[in-house]
Amino acid sequence: MITLSSYLVISTILFLAGIVVMIARKNIVAILLGIELILNASALNFVAYTKFVNQNLDGHIFPLFIIIVAAAEAAVGLAIVIRFYQIRESIHIDDATQLQS
Amino acid sequence: MNETIVTYFAKFEWYKSLVKALTEMLGFNAEPLMVFLFFFLAAFIVVNVMAVTAGLATYAERKISADLQLRMGPNRVGPYGLIQFLADGVKFIMKEGIIPKSADKFLFTLAPILCLAGVLGSLTVVPYSSGFILSDLDIGLFFLIGISSLVGLGIFLGGYASNSKWAMLGGMRAAAQIISYEIPVVISGLSCVLLAGGLSFTTLIEAQTGFPQGWFVFHNPFTFIGFFVFFIGGLAETNRAPFDLPEAESELVSGYHTEYSGMRFAFFALAEYIEVFVVSGVAVALFLGGYNVPFGLGGDGILGQFLQLGAFFSKTLALYYVVIWFRWTLPRLRVDHLMTLCWKYLTPIAIFNLIGTGFWLYGFEGKSLFELLFKSGAAAAGGGH
Amino acid sequence: MFGNILFLVSALFSVLGAVGVVATKNIMHACVYLLMSLIGVAGLYLTLGADFVAATQLVVYVGGVVILMVFAVMLTGGADSQKSNRFGIKKTPMMGSIGTYIAGGISAILASYIVIFRLLPKVFEAQPVNSTMAFDKTVEKIGMLLVSDHVLAFEISSVLLLGALVGAAVIARPKRN
Amino acid sequence: MDYTVGSVAPIVLLPFFAFAINAFIVKRFTKTAVGISCLAIFGSLLYSLAIFKDFVFGQYATNYYIHKVFTWFDLGPSFKLNMGIYIDNLTAVMLLMVSGCAFLIHIFSTYYMADDIRFGRFFVYMSLFTSAMLGLVVSDNLLGMFIFWEIMGFCSYSLIGHYYEKEEAGAASIKAFMTTRVGDVFFLLGIVMVWHTVARATGEGSVALVDIYKVLAMGGFDNLTLWGFPLVTCAALAIFMGTIGKSAQFPLQVWLPDAMMGPTPCSALIHAATMVAAGVFLSLRIYPLLEAGNLTTFVAYIGAITAFGAATIALVQTDLKAVLAYSTISQLGYMVLGIGVGAYNAAFMHLITHAVFKACLFLSAGSVIHSLHDHHTHAHVQEMPRMGGLRKKMPLTFLAMMCCTLAISGIPFFSGFVSKDRILGDALLRALDDGGALWGPAVLGFVAAFLTAFYMFRMMFLTFFGNPKDQELYDHTHVEKLSWNRNVPLLVLTLFTLGFWYSGSFTGQKLVKFPVIKKEWFQTLIEKPEKSKLGRFKDLKRQEWSSVDNRDKTPLPKSSYDPNHGLSEERAHHVHHVHHIGAILSIIIAFSGVGLAYLMYVAGKLNPSWWVNKLSGWYKALQNKYYFDDFYIKGVIQKGLLKLNNLLAAFDMGIFDRFAIDGWKTINEWAFRLSGKFDDEVIDKAGVGGGPLVVKGFNVILRTLQSGKVQFYFIVIIVVLVSYIFSI
Amino acid sequence: MALEKLDVYWPILILMAFGVLAVVGALVVSKIISPQKPTELKRQAYECGEDPVGDAWALFNMRFYVIGLIFIIFDVESALMFPVVSVFKKMNEIGRGGLVLVEIVIFLFVLIAGVAYCWRKGDLDWVRSFQTPDKEKES
């Protein structure tokens, strides 16, 4: 029987995967991927709780806005990465330590 | 409402007797299994019908183009060359599928899968008739847009995976074109949703009547322009006719599927033709009254269903004809013209239409132009339906 | 019955996708696996009855973010150039020394302990109140909510999008040198 | 007429708005400011006329009243203050008189003050004053009256000190303010006493006239004592002290003659017609209290002494305005006498008539002074010895002044005779009935009447008749032309000094039946609020302030003139008989006064100087105004108050300062030294020294953390997150 | 009744499965049937007969990203607009259509402002075409 905890397990796995990607990979774009995974995990939790615990539909609106914010964030993040690549010729995370471009 | 084709059939007696028979036979309650079987059957039929229509489409394209250029199309294979497409199909299977050396093998094979899956996915919501819609989802149109964006990604990955300059360029342009033309399509689709007040295709179509004056395209001037924006966007989205820049033979060899051969190429082509059918089908559903049969003939009975099916297919194939017709009449657009057309003309017009429809709805309480002019007195109480 | 199958398939998709993102070397493959995972999550939304959120996930994430990711990957030197950074592999001085291995080992043990003995029990003891949820027509309900209760969020999100658009456009504008 | 707030409030508010506006624009738009204040008072006049017409001609019923109330502030059950308006026949007549006189005086002062440097400023205070006076007349409770009372006091202070360059004007304004203040303090004490008794009787404290009358009728005031004295007497006396202060009665009359320093229109309005009348109006309102506190005889004596004393001083005055000032004091004395002897109706009538002819007298005196211009001192001449024979120069002013002098001296056919004769008649009646104590006021009243006639005509003969004493000054005054703002007000006022307006008969006292006015309107309308008649106040309904009139509109029974005023037949006969005697007596006295003045100053038969050195002692006393000023200044203030001040100052400086404040200083010093030591040892050495070391240590750790490695930060975040998991 | 709530999504799964199976099946069949003689030459990227030079992935240009950016912003906008627009008809009938219309118009105008900005700044132009008559596109 599919219960709330099964969904929670999946979202934890996604969450942990997101964290590992953010920590392990050296490519900035990969880190952005990791962020997307983490955001997805949290959105999934919201929807799971809406179905199993409390029925009002705010639980759907919030993941909606998570997706929207994630999209905007991805757009701006990637623009920064591209600009960084054009300046520094590399998108290795360890090069991006100075705030000054 | 979320009915599906199975709910339509479940109403019949023989369906219930079949289920009872199966439950005795298998011991456990066979209802879900029955549902699955029916869906599988229905899906299978739909896919085959689509494949056949795609094939016929290639045949029709050749025939129409020949006709336009005063020459004979294929007439060797079968009567009047009708089963030409089967021959092509067999040919493709026989052909060797070459994977270029420095290509990314995994993505190379994944691209056609993505394309085909995207297109077939969108078939679930195409409303052939009030009963024969595979599953009328509540989020019909919105789901369709989501799934069909897979195609764009598939094409780009195809171009990227084959690691050749032509394919790369073709893939980039195709992706750029598909994603940028998706916006005008979506926004003009929005104005129809505005009129119908729901996303599922049956509500969209029920909101229109059989007679042309009930169709959304004539509902008000804004949706009228909206239809053309939608149609142009649809064309661009399926890389057809004036916008077939990505696989422009003259420039980019054959665009993103330059390196493709054999069955992978066949599926790209199949996906493309089915998508043209889907797009024109949706255009019909949104703007031209979908499966509505004039004089309210379409009903629940089998005959009613088939009449609706006929109405839907006739309208869609008419649009298909126009698409093919465009291909051999309009010259290809330059890339920056393509982009400027989309962002500087179609999108602003689409948004203007959306706001216009909104004001129209608010202003005239949802009554169509026809109602306002002719039935303003009598049917004032009716309100827009 | 179908619910379970759909759950199974989409759960598989999302988990394998996530693991794929972690495992692959090639960044483009990572993007594709992310796509797979996102589609899986969309399927999960469907099983939870949130059909509109699933569709949004499909349209926005699958249709937008992944394409953007792929474009970004293409723009930052394609897929294969990620192998080594400008200073070559030996950039991180700590690589290969015993200290890192020991530290890695300890943190791995610690992490697995935390996940297994702390996190999962919390996850499993979550008891649902009622699972019979007749979810349909969420689009209208969400529409109603968006228009009436959450109108401020709705309007502010347009401002957010405006900010993102202008910001990213300014950053992404090719330099005139 | 339906009474909403709108039909009454403008009377008070129009002049007040005029004041508010003029206060700002007077410097730059003087002409408009003057225009505004004249218009404002004209507006109030119109509204007063409307009310007068409704009350006197329309309803013509004694118990017809308007009483609208709003809660000013409500601090819970113990203190809830309601303010409001209360209009009955008394107020209607008073309103008309005040606004009428004020309007005419405003018109006159546009002529009189035209060349004054502070022309605008004068009108600002005049407007404020008129609005305060009208407010007092209209207000329904003593506290409201007290507030407007104080505003009037302030206006009189500032108007007296109009020519503040002159030292005496400043001193006079302060003196006026201080003396009236003495009276006001007691007035306030009276209000407090009344408030307390009404609160004890009806549970809710209030000084509204209606409530006072109701409590009186219920007997709430009886047998309450304050330190042994009956409370009602103390309260009545205290409030009457206010009248004494404001209307310049016997002990506190010193300020009025000096108030002549102000411009003549100001003295005309304030020190003749309205402000001083306010005191009498107040006594009229609290008459039942006086009666309950059986103070009437005391009041009568105060009135009589003031009347007689002022009249005697007026005999020897040489300054034109001084004579008029003392005549005002004596006439006020008459009114208070009238109240004292119970001639309520006559006292009020005398108040109205006196206001009219005294205003006219002051204005004409003003026009006289204004035209006599001494070229050497560039000042206006006020001394009568330098005038004479001016009737040819200023015929119109002479006519006005003559009529008013006739009126004030009590010559028949004039309003003065009608009202004063009635007061004297009633005084004589009371004297005959109640015997002993009341003979004093009656005799003093008649003698004062004789003196009034004498000094008024002395003034007339000195100024207008005979040959001019200062020829050079005489030639300079140019002949008077009929000008709208100089003579018209005078003539209008003289018109109203004729007797028949006020009394039923042409000569007053029914000697001749006048065909038009059948009934004696004044006598019937103004009803004396005796204790017995207060019953009707018990169930008096009051309305909400903003409510449109919801009184039952059924016309009240018109009170008709009953010749013997509800007295029994033979009693009425006796009263008429006595009044006849009184009338004849007063006519004889008036004419003898005129004759004596004529003999002395025109015919030259009697030589005034002979009398002067015959009674030289008295003459000097009169000159120095019975040494009242000296007594007050030297005696009361120098010896009494100053000594008290010094005593208090000594106590304050000596004891309080030395111990309370200086002592504190020593403690401070001690504490300061202690903290100084603590500061050096502990904080400087330990704290300041050790601090940087710690900071340096932390700095090293933190610097390494900020390595810029994004992923390191992320790991830190994860560690924090994990530790959080531990806590749940 | 025949269907549970979730059965509605059956066709999606089945059709997607068809898509995948068809391609994989076809590839397997073609691998069996079609000749498999991969020669070096055949496997070279097709370059009109020339031998391929350089790497295909260096040609990417910034303007594709700008297009993607604007697409995603409008994509999100349409995602937000769908529920509001589908509810407009019902709201219009109960009389509060004006309010929703105002919300939609504000929402759209804010975004149109963004697009107008990009348009004005020249981000929408696909290529700095040299014939553009107006002033050279400064940054």
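For reference, chains read A, B, C, D and E in written order, and residue numbers begin at 1 within each chain.
Keep in mind that, in the parts below, a residue touches a chain if its C-beta (ideal position, glycine included) is under 8 Å from a C-beta of that chain, and two chains touch if they have at least 3 such contacts.
If you're wondering where the values come from, they're calculated on a predicted model, not measured in any experiment.
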item: Contacts common to chain D and chain E (chain labels); value: A, C
item: Shared chain contacts [chain C and chain E, defined touch]; value: A, B
item: Of B-E and C-D, pair with higher C-beta contact tally; value: B-E
item: Chain centre separation in whole Å, for chain C relative to chain A (CA means); value: 5
item: Whole-Å gap separating chain A and chain D, where each centre is the average of the chain's CA atoms; value: 87
item: Separation of chain A from chain E, taking each centre as the mean of its C-alpha atoms, in whole Å; value: 21
item: Intercentroid distance (Cα basis), chain C paired with chain B, Å; value: 30
item: In chain B, residues with contacts to at least two other chains; value: 2, 32, 35-36, 137, 142, 145, 160, 172, 175, 179, 182, 198-199
item: Two or more partner chains touched - positions in chain C; value: 1-3, 47, 49, 52, 56-57, 59-60, 63-65, 67-68, 71-72, 74-75, 77, 79, 119, 135-136, 138-140, 142, 146, 157, 161, 164-165, 168-169, 172, 175
item: Interchain contacts, given as pairs of chains that touch; value: A-C, A-D, A-E, B-C, B-E, C-D, C-E
item: Interfacial residue positions of chain E with respect to chain C in the complex; value: 4-7, 9-10, 13, 55, 57-58, 60, 62-66, 68-73, 75-80, 82-87, 90-91, 99-100, 103, 106-108, 110-111, 113-115, 117-118, 121, 123, 137-139
item: Parts of chain C lying in touch with chain D, wherever the complex brings them together; value: 114, 118-119, 122
item: Residues of chain C that touch chain A when the two form their complex; value: 3-4, 7, 11, 14-15, 18-19, 21-22, 27, 30-31, 34, 37-38, 41, 44-45, 47-50, 52-53, 56-57, 60-61, 64-65, 68-69, 71-73, 75-77, 82, 85-86, 91-92, 115, 119-120, 123-131, 133, 135, 138, 141-142, 145-146, 149-150, 153, 157, 160-161, 163-165, 167-169, 171-172, 175
item: Complex contact set, residues of chain E against chain A; value: 62, 65, 69, 72-73, 75-76, 79-80
item: Residue numbers on chain A that touch chain C, as the complex places them; value: 2-10, 12-14, 16-18, 20-21, 24-30, 32-34, 36-37, 40, 43-44, 47-48, 50-55, 57-58, 60-61, 63-65, 67-76, 78-83, 85-86, 88-92, 94-95
